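The following pair of complexes shares a single chain, subunit A, combined with subunit B in the former and subunit C in the latter.
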Partner chain A sequence: MAALPKRIIKETERLVSDPVPGITAIPSEDNLRYFEVTIDGPNHSPYADGVFNLELYLPDDYPMCAPKVRFLTKIYHPNIDKLGRICLDVLKDNWSPALQIRTILLSIQALLGAPNPDDPLANDVADDWKKDEKRAIEIAKEWTLKYATKKD
Partner chain B sequence: MSDDDSDIFFEYEYDQEDDLDESSFCFSSDGEDDVMFDVDGENSDTPQTKISDTLANVGANGTLYYPWNVEQFIENKLLAKLDKLANGTLTACSIDELLIMLQVKGWQEDEVLNDYFDNRDKLYEACGLPVGVPMRNTLKKIKNYSCFVCCEDYSETYVYSLTCGHTYCINCYYSYISNELANGGPITCIEPDCKYTIPYRDVTDIFDIVNKTNHGGVTTIKSMVENPLLVANTKAMINSKRKYKWCPATDCNGFAELVGNVNDSVESLSSAKESVDISKVPIVTCSENHEFCFDCNYENHLPCPCWIVKKWIKKCNDDSETANWIDANTHGCPQCQSAIEKNGGCNHMTCKKCKFEFCWICFEDWKKHRNDYYSCNKYRNERQEDEQRKNRSKQSLERYLHFYKRFAIHENSMKGDLKTMAQIDTYTRLYMEDLRDQGKKNLSWNDIQFLPTAMRALQNGRKALKWTYCFAYYLGKSNFATIFEGNQDFLNKTVEDLSEVFEQIMSKKNPDKVGMILKNKTKLRNLSELVNSRKNMLINGARANLDDGLLWFDNEI
Partner chain C sequence: MKVKILEWKSFATWHWDLATSADDSGYVEELCGICRVSFDGTCPNCKYPGDDCPIVLGSGCTHNFHLHCILKWLEQESSKGLCPMCRQIFTFKEPEQTSDVLINLKTLIDGHRVMRERFQQGNEQEFEAFGADQDLQMA
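This part shows the complex of A and B:
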């Protein structure tokens, strides 16, 4: 494997020395481009008190290309589908090399706090969300309790 | 078709270059790297028609089109629009600004004009151009710089910034731009949410520094047609519009633009499903003279209609493995060429079909082995002729293989011919340059004009021949089909004769290659004319007979 770019080394160092509150990102020992990520559900959202596992991979052309991020924990969210894929502009067209792993993870956390059913990835969830938001939020809470509760 | 070809020839670029209209497609940058003989295609035999002040080509079957390649297209089409704005209506804008606006507006110069006079600031903002402040892009060398994106610490490096002042190192900008080029759209500052667009000239400058190329920092036609942003934008445009089609030839940078109401013509083309009217097949050429069909985006496949071609290609793809297996595991009988698989037993083989006895090891007549120490006299004819094996499916496979083999043989021969021709091309070119350098005038370019003509005839003859096998495969049985096959034989023979002459010229036994070329001048001329006329006879005959219902495609096959 090619040497790890300085950019990735620096970012990893900073993620460890100066972690983002509510977010952890630990590089895999086998592959320093692969991160195991946890994001705490934002307060005052249906995902509050949940801890969500994600995987993050830095492709070869990172930072020219966005990292690949996916939810591993099941989540009921209009912009996240069954496979955990995330519909987020900064992961796609609006990616910029000046963004970082930490900014991307913060954006994902913000997405949990502000679901956007008008630009859905999981159509069925988005439909529920638009038809009966209260009910949808209830389901999201149930799922959080069921799948994303910390097991100590 | 080419039997009523006009006499337009411009094989050697310096022969007739001055004849060409400035606005026409025939742009040749410096002529140095142009191929001297265009060995594939018959563009130069193509009649031209004047439409709205530019020359359009009339393809076989009357399709109106422009043959392009990316560079020519940028120079003659896109830069012409730029020129119109820069030197006419929008003289207040810089070239960089105009290019960005044109790109954002899909090269619709009228739209740029309208929006500009409607609301200049709004247009500028939409294009990521600075409003109210001058453009302050900088590309400069500085010392002791740490780049925020790559995290490298440079003792000295070039850095780039747009009017916004967001600065990053040149390597990051280079990778960033290279990466964004695939989108074909305008590229903005690296900083997220910063909408300033990187101008074309800056892209050239950044690429020049990183690739250590040099366009001298001035905007020239060369720097423009090579500009990565313009090239990427052009390619994206060609991909997205129906009136453009890339040339299907390998590594070809050329494409064709259909003239006229494209939606109408494209629809009429594709509506020709199951049609036997091959006069509708839209054959066009790219700038490199490769002929191809605009409808199915395959090479010139006359006399076959597009739907037959699709059927055939699908069949070949499905059955090619079968054919490959047969090729790998069987051997043709030395006498009748039927495929024979040896599934055991000794090496004394008897062909089931023609009863020829031969040795599987040397493929010689078995009788020759009689007194040899090698004996196979224990052979017993265990495998009786199995009539049932000659069932229908086998027959149909044989039939298919018969045509497929010939189709494939001509396809391969085409490649071989191309190689020979490239050799002859280099050889002749060197010879002529030698003569020119020595100041001798005993042979002029005009004297060997017949060569490229003959090469083109050979290529096109082979291509047509190749497709006649696909055609014949689907052809229903009739007397006219037999006549077609007869004409096919004629063409086959002439094409082989012509190919042989070229081979003789390049043969190792022949030391005086140019002498041989000149000696064979009449022969080459006659043969290539014969190939052309036989090819046309075959195609025109097929077309007429299909029209009259004398030939038809058998749907059972």
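This part shows the complex of A and C:
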């Protein structure tokens, strides 16, 4: 494996020494570009009681392109599909090398707090969400209880 | 007493002379916003700091980058030619002096502009072709 760019080393050091509240990101021992991530569901959201697992991978041309991030925990959210893929502009068209792993993870946490059914990825969830928001929020809570790790 | 100098070593330190850009907090940005290496060091692709790996300034905004870092970013389709920090169209500040180094730099920047113009034209064609494809599938 090619040497790890300084930027990735610095970002990793900071993630460990100065972690973002409610978010953990731990590099895998055998591939320092691969991170195991957990995100606490934001308070006052249907995900508030759960901790969600994600995986994050830094492609070879990072930071010229965005990290690849995916939910591993099943989640009912209009912008996250069955495979855990996330519809978020900064992960696609609005990526900038001025963003970092920590800002991306914060954006994902913010997305949990502010589902956006008008810019969907998981189409059926977004449809349900628009038809009956109250019911959708109930399902999101149920799924959180069922699949996410309980917050301590 | 007579001292005979057998050998002597000289060394020097230097810094880039930068137009400092402070944000609201008064914090002066001394790291390249792309590779996050200090401007006294090179970009990740170069070994020796200095003329081969110069710092360039935006002319529309006040952001600084290693030349190699910003060129690499602007070559990405996804950059849309925008500054990574403020997302304005990034234009290079024309070097004022005309030393060899700066002439080289200007050649590089011009080359990049030509490349990008070509690149953007190519994109539009691709985009149209893509649209046509979709119509076919839907029919």
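Note that the second predicted complex is superposed on the first by the 150 of 152 C-alpha atoms of A that agree within 3 Å, B and C clash if a C-alpha of one lies under 4 Å from a C-alpha of the other, contacts with A are read in each partner's own complex, and residues count from 1 in each chain.
By our rule, a contact is a pair of C-beta atoms (placed from the backbone, for glycine too) under 8 Å apart; a residue touches a chain by one contact, two chains touch by 3 or more.
Note that the structure is predicted; figures quoted are calculated from it, not measured.
Participant: After lining up the shared chain so the two structures overlap, which partner does A:Ala48 touch, if you call subunit B first and subunit C second: first, second, both or neither?
Facilitator: neither
Participant: In the overlay, answer first, second, both or neither for which of subunit B and subunit C A:Ile137 touches.
Facilitator: The answer is neither, since A:Ile137 touches no partner chain.
Participant: Could you tell me if A:Val20 is touching subunit B, subunit C, both of them or neither one (first, second, both, neither)?
Facilitator: neither
Participant: A:Pro97 contacts which: subunit B (first), subunit C (second), both, neither?
Facilitator: A:Pro97 sits against subunit B and subunit C alike.
Participant: Indicate the residue numbers of subunit A shared between its subunit B interface and its subunit C interface, in ascending order.
Facilitator: 5-7, 10-11, 63-65, 96-98
Participant: Mind listing the subunit C positions that touch subunit A in their complex?
Facilitator: Its residues touching subunit A are 33-37, 44, 69, 72-73, 76, 78, 82, 84-85, 87.
Participant: So in the complex, the part of subunit A that touches subunit B is made up of which residues?
Facilitator: 5-7, 9-11, 61, 63-65, 90, 94, 96-99
Participant: Quick one: in the complex, what on subunit B touches subunit A?
Facilitator: My answer: residues 148-152, 166, 168, 172, 175-176, 178-179, 190-192.
Participant: Flag every residue of subunit A that touches subunit C in the complex, lowest number first.
Facilitator: For subunit A paired with subunit C, touching residues are 5-7, 10-11, 63-65, 93, 95-98.
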